[in-house]
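Two complexes follow with subunit A in common, the first pairing it with subunit B and the second with subunit C.
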Partner chain A sequence: MATRLQFENSCDVGVFSKLTNAYCLAAIGGSENFYSTFESELADVIPVVKTSIAGTRIIGRLCAGNKNGLLVPHNTTDQELQHLRNSLPDQVVVRRIEEKLSALGNCIACNDHVALTHTDLDKETEEIIADVLGVEVFRQTIAGNILVGSYCAFSNRGGLVHPHTSIEDLDELSTLLQVPLVAGTINRGSEVIAAGMTVNDWTAFCGSDTTATELSVIESVFKLREAQPSAIVDEMRKSLIDTCV
Partner chain B sequence: MASDMFVVPQTRGTVLCCKCGISMAPNPANMCVTCLRSEVDITEGLRKHVTIMHCPDCDSYLQPPRTWIKAQLESKELLTFCVKRLETDLKKVRLVNAEFIWTEPHSKRIKVKLKVQKEVLNGAILEQSYVVEYVQQDNMCDSCTRYQANPDQWVASVQLRQRVSHRRTFFYLEQLILKHDAAAHAIKIKQMDQGIDFFFSNRSHAVKFVEFLGKVAPTKSRHDKQLVSHDPKSNSYNYKYTFSVEISPICREDLICLPPKVATSLGNLGPLVICTKVTNNITLLDPFTLRQCFLDTDQYWRHSFKSLLGSRQLVEYDVFNIEVVSPEYNLGGSKYVMADAEVARVSDYGKLFYIRTHLGHILKPGDRALGYDLYGANNNDIELDKYRGLVLPEAILIKKSYEEKRQKKRGKPRPWKLKSLDMELDESKGRANEQKLDTEYEEFLRDLEENPELRFNLSLYRNKDYQPSEMVSVSDGDDLPSVPLEELLADLELSEQEDGEDSMRE
Partner chain C sequence: MPRKPARHHRLLPVRPLTFSPFARSVARVATAYLVKHYMHNAVQQSAGDEFKEKLKIIGRHSESSEDEEFDGVVQADFAFFDPKPDDFHGVKTLLQSYLDNKQWDLSGFVDLILGQTTVGTVVKLEDDEDNGVFSIITALNLGRYKDHKCITELKEFLLNICHEKDKIGNLRSLLGDEAQKVGLLVSQCVVNLPPELLPPLYDALFDEISWATEDEPTEELRNSFRFKFYLVVSKFYKLNLQQKNANQKRSSSTDKDEAFLYIKPEDEILHKLSMWSFLFPLQTQQVATHELKNYQLTGIVMAVKAEDISSFRQQLHALINGS
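What follows is the complex of A and B.
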């Protein structure tokens, strides 16, 4: 199910949040609306953590992660790092990496199995990504743009890329990622996909400017219509049995 | 770029329009054109109704603050004018195309469809066409108002005069003016005694005309102005300007006795000279030494002199004998050969003259020539008296006469003709004057036939009415000089079209 929301009147929700299958990070806003929307959707299933990175609110673009781990840039403060380690589930490895390109969210796009990275990323960083996130790393460009983390958003079910991506590129990426991909837009024709939305396997959050057409495209490519969070199904079963007795 | 690098061909995919969801090629706004158009109106803020002033008399439109532009309905000029009126608007957008939409001519509405382009949203360029309606308001322009008030009113006049008794110069000048279109702006041309008056509505047109005259004839001019009205509040004055232009009385084929000062300044040119060519320089030829000299306009007017004998005083001579004395001289394109000739006046065969002439190259025994009869002439010239001890030759031959051959062709039309200026004739003179003018004009036409260099500056037109004669004429040794057909221009049909074009040039 895709939800439309705003962060303090800005439609760029992908900038201020990070959503994975195991946790969700939200930025600290003036009002609690943003956080509460996430909470209402996800509270039962995964932890929703309010944080800042390097003292900023643009956490979605600074960190990259999946259910296995979270990578934060070198300028994250120690307190923030500690807060993240405390709040996130134990199986999620939080690691601070020394990398010249510190906007990891813009440079790395990943799901639980594959990651696409900026072409100029360090070899070391690549190894760390493969290690911490448990993914296969590919250096790629999307429609000629090197900031792969900004111009595409993909989950384990599907992916949305920059609208100018050619058909050949789409085929190539699709083979690499092993998920169906579609070229489309977000937030009323904006090409910066990852800035306008954040997605995991069963839910997506988009900016409020997203038109119905775009929303339908997102729901179809990420297969959100029939999606049920796997964790919640198990929990429900347990509680059902409880009440029966 | 390495040509052996394998480049994957890139095909553009399609995305869905973010508003309506139809499949389209991606563009910077990622919206299909219809959705984009519904979102943004690039013609917002552009004027759709404009008022323009039109003068019904001269069919021209006002370009503020003062210029009136003549244009026909649905013409290129009108389109340029309409687009120019929208200049401020069109600075915000880029104009791609403009065209007229037909409106009823009496509706006083002009509709123009403009296609404009503008950048919207994030870099997408949108193209849209819209219609601008021009309401035409009738308002007479200044020149038409002035003309209505007094059709004869002129602002500047040029009075062209030459103090001689014939009008040859004016016939020639008329043709020159026609060729160069110098009198295009004249509102009236009037023929006067010993000259022509030109009237203009603008001082600068008159000045331009006077300058043109200065280039083609040796002239002296002066100008004056007369106050017509005066507005003390805005300190503006309306004047009538008059230019008086006088052409020197020296004409072609005149016999001149140079004043001693001029003769010495020209290098002791024999006091008797013949004028061979008049443009803004006067060419003088000494027939006895075959020396040619040029007098500038300024030089002439500094020490002006009159001619001794003019072309009216030419007398026919019969040539009995020619003896070539010198080799052929080539003076500025014309050839002369000195010869001794035995001649007698046709009117008086009794008296034979042995004279020296410069026409040895064309005269043969038995020819007729025209020349000045100095033996019989009664000269009353101050300059001549200044020369003591000057022996005057008895006759000076000027040119060959084709009179006999012309007799045969009398009455037959020429294969060419000339155009004429629209002149108001002087009514006051009588019938005799008219006849004199006709003979002078006929002589002028003959002059043109005989002299190719005179024809050089003029336009001659083919005479449609001319039929070459059927009988094979028994031609004598030398034919009448005539204008070769190649020099003739096909006559332009004086139709409405030409008039229209002429008036447009104003």
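What follows is the complex of A and C.
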């Protein structure tokens, strides 16, 4: 199920949050609405942790992670690192990496099996990603943009990429990632997909400017509709026979 | 409807501009730091109507070479356009802090502005692929749009932040009974926009308003532009005396600090001409620079009578072009 929300009048929810299958990080904002929207959707299933990274609120763009681990940049403070280690489940490895490209969220896009990275990332960082996140790493560009983490968002079930991605690139990426991909927009025509939304295997959060069309594309490519238990009954209802005359 | 201004050649004087059937002027102001400018008076006869409109494009002459040396100076050709749905993101960014940090239907508000194509101007670069919006100016009739969620939220915000008892009655009547005659003047631009653009921009707005009172298709719409009052919500820097005294040591201050520092030059004139105004504190954090350490960013709401607008336009011309 996809939910629309805002962070203090900004529709860039992917900037202020990070959602994975094992945890969710939310930025510390002026009003509690942002955090409580995540809580109400996810509280029973995964922990929602309020944090800052390097003293900033743009946590979604600074860190990269999946259910196996979380990578934070070198300028993360010790207190923040400790807070994350304490609040996240034990099986999630939190690692601070020395990488000059410190906006890891913009440079790395990953799910639980595959990661796409910025072409100029250090070899050492690539090895750490493969090790901590347990993924296969590919250096790629998306529609000619090297910031792969900004221009695509993908989960284990599907992915959304920059609208100007060519069909050949889409096919190539889809083969690498082994998930269906679609080129589309978020937040009423914005091309920066990952800034406008955050997604995991059963739910997605999008900026409130996202149109109904964009939302339905997201729900279909990430297969979010089937994640609802009631959806099964609705599908079956057409074939259920009520009375037999 | 032709909206784009005429092509601009460096060697030829700026040609007269075309008018839309609504006889709206699209003022084309070419502002560049190193390009030769022209003084030009254009007298226009619009296609169907029979009135003459005087269009003044003011510029500076400068002796400079045609070489584009990038030493921190950018050449830009600004053009005025009608609001279009494409401008959504640019206008939304400009109006992000319009109501301080209150979470409200800003997207709906921007949609209202962009939906009103007859009155309102967006300043963009000529031939810009990025479609960046540099400035937005418009006037929205509070009565016409009173049922929109964004307008009700805006009214609620203004009534809540008004702590001056003598002004709240005035505010309530402007937002309530008199709403049909009140225009919300929304004007926002990027910080480094050349001030030479402001007089033509405001002239364009008030001219469009007066043309709309004649050219709109229905009587109701025509009346909706017969504003008696304009309401302005803005921000400026106010001298914080306590902070100043705290910051001052024994040494005497040589400069006499101004009580108010206006970010937008037109705010100073509007403030002087206003019927009434009140200040309200802002909750968003401000960056404290050295020069502004004694100043506090404060919000202001002003009400200006429509009769005073011609005086405002004159004073704005004098302020920008005289200084």
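Methods note: the second predicted complex is superposed on the first by the 227 of 245 C-alpha atoms of A that agree within 3 Å, B and C clash if a C-alpha of one lies under 4 Å from a C-alpha of the other, contacts with A are read in each partner's own complex, and residues count from 1 in each chain.
The rule is short, and it goes like this: contacts are C-beta pairs under 8 Å (C-beta built on N, C-alpha and C of every residue); 3 or more make two chains touch, one makes a residue touch a chain.
In this text the structure is predicted, and so the values were computed from the model without any measurement.
> Tell me which partner A:E191 touches in the superposition: subunit B (first), subunit C (second), both or neither.
A:E191: touches subunit B, not subunit C.
> A:S208 contacts which: subunit B (first), subunit C (second), both, neither?
Only subunit C; A:S208 stays clear of subunit B.
> Taking the superposition as given, does A:N33 touch the first partner, subunit B, the second, subunit C, both, or neither?
The answer is second: A:N33 touches subunit C but not subunit B.
> A:D90 contacts which: subunit B (first), subunit C (second), both, neither?
neither
> Just to be sure I read the superposition right, which of the two partners does A:D78 touch: subunit B = first, subunit C = second, or both, or neither?
Touch status of A:D78: no partner.
> Could you let me know whether more residues of subunit A are touched by subunit B or by subunit C?
With both complexes superposed on chain A, more residues of subunit A are touched by B.
> Touching A:N9, do we find subunit B (first), subunit C (second), both, or neither?
So A:N9 only meets subunit C here.
> Residue by residue on subunit A, keep only those touching subunit B in one complex and subunit C in the other, then list them.
Touching subunit B and subunit C on subunit A: residues 188-190.
> Sort out for me which residues of subunit B touch subunit A in the complex.
Subunit B residues touching subunit A: 8-13, 15-21, 26, 29-31, 121-122.
> Spell out the residues on subunit A that touch subunit C in their complex, using ranges where they run on.
Residues 6, 8-11, 30-31, 33, 188-190, 208-209 of subunit A touch subunit C in their complex.
> Residue numbers of subunit C touching subunit A in their complex, please.
So the residues of subunit C touching subunit A come out as 88-89, 96, 101-104, 106-107.
> Residue numbers of subunit A touching subunit B in their complex, please.
163-170, 183-185, 188-191, 211-214, 216-217
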